[in-house]
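Lettered A, B and C in written order, each chain numbered from 1.
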């Protein structure tokens, strides 16, 4: 028992180390949003000027809202469509299934630069053009493979006998899916959603090709800003986003269980 | 601040609506395509222009000349004004991407230096395809903390004392032309590529990293990580005057690469009158002086604009001196084949240091 | 009988279609059709724009084989992808295990979310922050010198390790997430049963836990390896003069010289190599599991 406790303690310590590694750049990012030098120059000089000028920067704020909107919608659409597809790939055997699964990798493997260029040409050719709708179309497509891969990984731990048992008890397909399968794969679906959000929210290349003046997203604005002088306003907006999402997430964790606790 | 329009998006009709709003562009808008943070998008300048003319300016940006060409190619009719490096004007004209400009509509055009206005790169068949705006140099800049007195030769970059503290731009054409200068050749007619390659190969171990934006350079100097490197004249001036960084420009005795930026009107522009008004405003001395004072800028092609600067201004005193004029070589158009050859060489050099 | 029929209907494409179609239609419109245009371009001598002459050619693909530059870089990128993936497994898997099996209740959910959160921050901002940490006179250098009795000089910036650190930081949450999903699904009683039958901790780990969590490991590895091989932003900024990789060369073809046909051909070669590696690796990994 003692060994178990020591091992568990080590495990907890390890998680703290990992969080330290993950948050090191985030903390620096936040710190630099309160530093006076626009070039991250040290020694540190306290200021809140960057937050004040961020408040005046309508373009950056509008782009931030666009990013949030697009990421939320992308998450919703791709999680639903992706989970459906993973269910089908899990449940049914058919010719060409391996091919469909392999098709998930081109969007991940081909550098986004090429995919973005290809989308630009194609959307332009068929009349969709550029703008927020085009960005949304692209983001969902980029997020879908991630959702499908993640949800499928969770589904592999699912015993098909459970579905059959429910069926034999008279449940129809819909009931089986909603009452038996979905609760089991819910952690996977949520994880897929988190992936989709991240893919969309941090997506720069594809958004860059598909955005128009006035219809841009935050990463596009950030990339354009570094040409001139990357002001810590960018750090300020990123800090606000991290702090707000952290608060939202912790609240969610407080009131809503999704870890698939048994 | 704008609130999210989640619900609007969720309706399928939004797809069509957006397609139409994209097509129906208001006629009184002037769509400008330029580098970000390069004069045309200064908020005060946009406000002044809008107040004076009643047109509304919509800025869009590119991050490389190739991207600029791609943007006009794939968005016919979207842009009214585009800023094109003179060396790319040829390519844009040959691709029928830009239209001739009626310079009689531009009251400030007459004040543009004759050598710039008459540049064969901007004039084709007696028609003007580009209005010279500003020019500048790709020269050297130094971190003042690392030098007691400024160096005078390009050879300083190869000095072992600066090992690991040299920076150059990650751009094949710029790197090869720099190698040409260092090996005493004409940048527009490089005869001895082997000499260029040898020069650059020996430069590689000196290099800390490659820069791609002004911000890179300024951050590196601010954290005292570099001594010397290639830099643009306007950017060096801005780093010194606007950001108060210890940066100064050096125009080496071997010479420097000069470039000329010009405004053109894309073919299919829906607001040619607005475009003309905007270009005329951009070459106006009043705008230029304000730009230099508030932000820092390259040298105006308009002689009256330069004369309006204080006598000791960098852009007037240094850049205008006959001694400098003798040392600079203006960049001529680079063909696609040359560009690919330069890139192949540049990539090979970068792979060899791995 | 009805049950038998239900199981029987799990064969065939028809019942799967309603579930599959929306996702694959979307992918077709937004990715496969555009990419087919790119495949088409990769066989052209020039872009069919502005009345330029073009013809069909295999030259763009031949270029890969005629110049050692490209294969050298492809190997460098594959090695980078492998190293980053391995580091992510080494760092991420234990974390996923602790999350799934040691931590309980609300703290688990909270920490799980904290692990995910960093990858919602902007990639470029993250890279700039790493530059502050890793450079000479940066935060790591200063902190270590403040603690250590002797003077050391740490300048990791613009080097291969910097690229690895930046990429591992960006991708390790992927591994934690996917492994957590499969580890959490393992019934604790299975582990206890193994232990009570006299298996050592190590045996339980290798014989029970790792095999059962294999789908997560495979999914995580694929999601990390594949994009890292084509990455160009992190290598360019963090790698400095040693930051040239296959992805940066493709980027140059698109951005610097406007040679889309060659850039497209290079990326389809990358895709083919990556798919072959995945196809070869998957059965081996599964058997190991």
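Quick note on the criterion: a residue touches a chain if its C-beta (ideal position, glycine included) is under 8 Å from a C-beta of that chain, and two chains touch if they have at least 3 such contacts.
What you are looking at is a predicted structure, and each value in this text was computed from that prediction instead of being measured.
**Q** Stepping chain to touching chain, what's the minimum from chain A to chain B?
**A** 1
**Q** Farthest from chain C in C-alpha centre terms, which chain would that be?
**A** Between chain C and the rest, the longest centre separation is with B.
**Q** Does B-C or A-C have more contacting C-beta pairs?
**A** Pair with more contacting C-beta pairs, B-C versus A-C: A-C.
**Q** Roughly how many whole angstrom separate the Cα centroids of chain B and chain C?
**A** From the centre of chain B to the centre of chain C is 37 Å.
**Q** Taking the mean of the C-alpha atoms as each chain's centre, how many Å separate chain A from chain C?
**A** 14
**Q** Give the residues of chain B touching no fewer than two other chains, as numbers and ranges.
**A** Only 63, 219, 223 qualify.
**Q** Hey, what residues on chain A touch two or more of the other chains?
**A** Residue numbers touching two or more other chains: 40, 121, 223, 226, 230.
**Q** Which chain C residues reach two or more other chains?
**A** In chain C, 254-255 touch at least two other chains.
**Q** Spell out the part of chain C that touches chain B in their complex, as residue ranges.
**A** 49-50, 67, 69, 72-73, 76, 131, 135-138, 158, 236, 240-244, 249, 252-259
**Q** Quick check on the complex: what are the chain C residues that touch chain A?
**A** Going through chain C, the ones touching chain A are 3, 6-7, 10-13, 15-17, 19-20, 22-24, 26-27, 29-35, 37-38, 91, 94-95, 97-99, 102-103, 105-106, 108-126, 128-130, 132-133, 139, 169, 172-174, 177-178, 180-182, 184-187, 212, 215-216, 218-220, 222-223, 226-227, 229-232, 247, 250-251, 254-255, 260, 263-264, 267-268, 270-271, 274-275, 278-279.
**Q** Give the list of chain B residues in touch with chain C in this complex.
**A** 63-64, 66-67, 69-70, 73, 94-97, 170-172, 204, 207-210, 212, 219, 223-225, 336, 339-340, 343-344, 347-348, 350-351, 353-354
**Q** In their complex, what parts of chain A are in touch with chain B?
**A** Answer in residue numbers: 37-42, 58, 61-62, 65, 68-69, 72-73, 120-121, 124, 127-133, 136, 212-214, 223-230.
**Q** Could you pull out which chain B residues touch chain A in their complex?
**A** Answer in residue numbers: 1-6, 9-10, 14-15, 18-19, 22, 31, 35-38, 58-61, 63, 74-75, 78, 213-216, 218-219, 221-223, 243, 245.
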